[in-house]
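Paired with chain B in one complex and with chain C in the other, chain A is shared by the two complexes that follow.
== the complex of A and B ==
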């Protein structure tokens, strides 16, 4: 019964993963015969490749911004929407809506919002007399990454709100009643009840968001502009470009191996930190 | 009091952040480019379907729409079938084999499938599976198996063992137990996973982008990306195409919000 799944998985996941490791030790344009060069791709990436370092930095900043802001927003909205009323259920459903769209659609819609001439964002800023704040968001090397991070947060906050609401609804209500008896303010209740009790949910949300940002490709692919000088490129975009624009297949494979190592390392670190916290 | 004011203003702000862009797109499908640029939020002069007509006139949306339906339906169906079978085997296994199999699929959860774009591309070129919907379906199945196995195995493990054992004593073989007991019981888990998978495959860009370049094999996200260059400034056509590409998801979401949300969050939590 296990054989169809195992066969496809072995053929299109395990076998390619091993080929990827082998490719990463070659210089190869995808057409002619690969040349074995040992670990030179890996050392070159770390010592000589400014673009790789830049994109690595981009990816870390992107992940950090999205994890911090998306998680805080989701937790905040979830505490506002934890009770089940008609209004809160409606708002949760509305907030969740962007999640069902494709990232290409989301990217293209935000291209319009960010458009320097006709875009809704600049038009609104000018309407309120804030002309100085109107920018060419996606073409500015300093702003592009943050602009795309905002889109990512808009895209997935609603999904995380739902996960948090499910977690917060598990917190026994007598904990809040006891805190109210002690005269705790809303903020104190949040600090002493909600936050510690929601830590396991936070672990899930943070882990999922991290993985999501390390696999991100579509938004940048549909939004990035040449004028931003790779300012918003993320790791998967770099791997894609190295292989299918630059025809450096071995090099792209090595970049993707670094991506794996990074994802595993970050996941492992997060598990450790959150495990220590929940055990305190 | 202050809390209430802050709460409602923040909730309203985010609600507007979702509603405003969505309205611009929906209203934009009835507008000309000029109307979109000058008054993105105003009601259109008339609610006519000219943009839809232009879009469908040259048939450039019909083929990709059909391709997306084919790829999504077959990918999801076979992933669910194979994943539920292997999950059943894992959940029922009392030997080390079950653990090893689960471990293999968990590996696929930890390491995102995106890293294998180079080897899958070269393999598919070798096998002539690029530019083929069948190839795309195969990749989708392989990439979504780990998460599906994870969710469905967890569900099977929670079921009381006695249910299967008594059926086994009655002489039913594995297949019978899977088909007539396990699968019907697993319907909620399989359904939720199915919705989650459908959204992923319908919206996927990376693998189609890499594997498909023949126009007759393109899926909707690829066509949307092409629109960016082709109609560089025509947001009215682009918005109309976005609505056409999103309609199946929007209809499903409106009809079955609850299972939709449950499906997409199950995927997140278990993943």
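== the complex of A and C ==
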């Protein structure tokens, strides 16, 4: 029974992964025969490629911001939407709605919102007399990454709300009843019942969000602007450019292996932290 | 000797046919009705298609005249006959789909049992993915490439069939336009479009406000101040859209130094031997900054994209749309009233005598997949030969508002093509921006740096950092 599944897995995942590993030790333009260069791509990336390091930094900042805000907002919304009423079901659907949109559409919509001259965001800020806060959001190298992070959070928070609601609905109601009998406030109920009991769900949400943000591509592809000077580029975009614009497939393969290692490392660290918390 | 004889014959025929230029019918003879666009004297030298050119008569009157110049090697030939079968035609112009389908329908009607299916991607995806897809698809028997890096890539991959001996190449195509598709004397494709990557301006607005087309750098900066003073955007430069924002780099490069020097600088930058901080490139960057300082660009230009820019131009909020003739169809779609109200001028960035007066580019290079089956290659050749007939090329040109590199095409049915044909009479340079063939590691970061500087970023810091990025990218 396992053989067909294994064959499909080997064909679709193992073979490409091993090929990628082999290509990462070559210089290959995708046309001529690959040239073996050992670990040069890996060492060059770490010692000579400032753009790679800059984008790596972008990735960490992007992931950190999105994980913190997306998880917090999702948990907050979920605590209000955990009961099944017509209104909460409607709101869950509403929050989930952005998730079903294509990411390029989301990018285009937010491009309009962020437009420095006609966009809704700057227009609103100016309407309230906050002209100094109206910025060139996607073109400013210092702001572009954060602007796209906000879009990413808007895009995926609803998805995490659903996961949290499912997790919170598994918490036995007698725990809340006992807390109420003890006179616990809503905040105390959250701190002593909801948060500890939601930790396993949080582990899933955080791990999923981390992977999702590390491999974020479409939003940056559709929203990044030239004047930001790579200020909003992420690793997957860099891999894409190296491979399909620069035709340095070996170099792109090495970049993607660093990406995989980083995702594994960060996810493992997160799971350790959350596991310890759960055991506490 | 025979070749030399043919060339001599071609030259004589060219001159003879040029002398046979005849006045156009009365409806077009009244050149004045096109306003200031009919102000260009003379016609281009060398081979060019049949067209209407604004010419000043001995009495000083400006009129549109039909000019017919022949090809080097005899009269145009009919399309080849295609064998039966089905092939794919890969290209990046979704906006041309309808017109191309109409041409394909006629080709199929002339060749029963032969079918050509369009496979279309947007230009960004096509730039990035076309090679990967076509190199493994033998049914992609006809495809297009852009001049420079993409054409080189397909050539290096052995995907381009040598078309040098096909008669339609010699007799239906303007020979000077074949340069971008020629390697070591062999022709590997037909650069179908003749683009003019120069600023388009609103002739009605210019006439109403009394603006003069700037012909010097000082004049250009003064023009910006004057137009901005009227509350109008001088140049709707789409800095947030890399591809079209980069078009003005052609104009900045063309008069930055003699062409040989420009080529040497480009080669040195591409090989990592020269920084962007040297005088030549810094001079170009400084002019971007000067344009920004003079108010040439709209507010927050770094975030000004190629959706807003043509809309501003089409609605009269901007005087100039500095991309090229290929943007005219977008403008007229946005505002049909703009039809016939667009002119073109070369962006002159020097106060000295310019080396060149404008930019041209021969691109949308139609090629035959050398890895397709022999039958499919023959269908592909027949299809390209059909596209190079005057009838098909004219339908494409008029329907898509693109000038083409095909002999005997008349632009009279598209007033915007007609009005911008005058640039053909100028001394033009083949778009030098595409001399940068390393797109990912050199051209993109270099153009991003200029966009940032044109939007107000510090010149020295930006060029120093970008130089480092370019050198590291080249070394990877």
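The definition used in the following text is that the second predicted complex is superposed on the first by the 269 of 280 C-alpha atoms of A that agree within 3 Å, B and C clash if a C-alpha of one lies under 4 Å from a C-alpha of the other, contacts with A are read in each partner's own complex, and residues count from 1 in each chain.
Definition applied: a contact is a pair of C-beta atoms (placed from the backbone, for glycine too) under 8 Å apart; a residue touches a chain by one contact, two chains touch by 3 or more.
Fair warning: this is a prediction, and the values are worked out from it, not measured in the lab.
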Touching partner for A:269 - first (chain B), second (chain C), both, neither: neither
Which superposed partner A:13 touches (first chain B, second chain C, both, neither): first
Which of chain B and chain C A:105 touches, first, second, both or neither: first
Contacts of A:204 with chain B and chain C, given as first, second, both or neither: first
Touched partner set for A:244, first chain B, second chain C, both or neither: both
Partner chain in contact with A:68 - chain B first, chain C second, else both or neither: neither
Touched partner set for A:116, first chain B, second chain C, both or neither: second
First (chain B), second (chain C), both or neither touched by A:130: neither
Residue contacts with chain A in the superposition, chain B compared against chain C: B
Which of chain B and chain C A:30 touches, first, second, both or neither: both
Chain A positions touched by chain B in one structure and by chain C in the second: 30, 111, 118, 240, 244
Chain A - residues contacting chain C, complex: 30-32, 41, 44-45, 48-51, 111, 114-118, 136-141, 225-227, 229-230, 240-242, 244-248, 251
Parts of chain B lying in touch with chain A, wherever the complex brings them together: 3, 7, 10-11, 14-15, 17-22, 24-25, 36-37, 40-41, 81-83, 85-86, 88-90, 101, 104-105, 108, 110-123, 138-139, 141-143, 145-146, 149, 174-175, 178, 199, 202-203, 205-206, 209-210, 220-221, 224-225, 227-228, 235, 238-239, 242, 245-246, 249-250, 252-253, 257, 260-261, 264-265, 268-269, 271
Interfacial residue positions of chain A with respect to chain B in the complex: 1-2, 4-6, 8-9, 11-17, 19-20, 23, 30, 73, 76-77, 80-81, 91-105, 108-113, 118, 120, 123, 154, 157-160, 162-163, 166, 186, 204, 208, 211, 214-215, 217-218, 221-222, 236, 239-240, 243-244, 249, 252-253, 256-257, 259-260, 263-264, 267
Touching residues (chain side chain C, partner chain A) in the complex: 127-129, 131-132, 135, 153, 156-157, 239-240, 242, 245, 298-300, 302-305, 308, 438-441, 444, 447-449, 451-452, 455, 457, 462, 465-466, 468-469, 472-473, 475-476
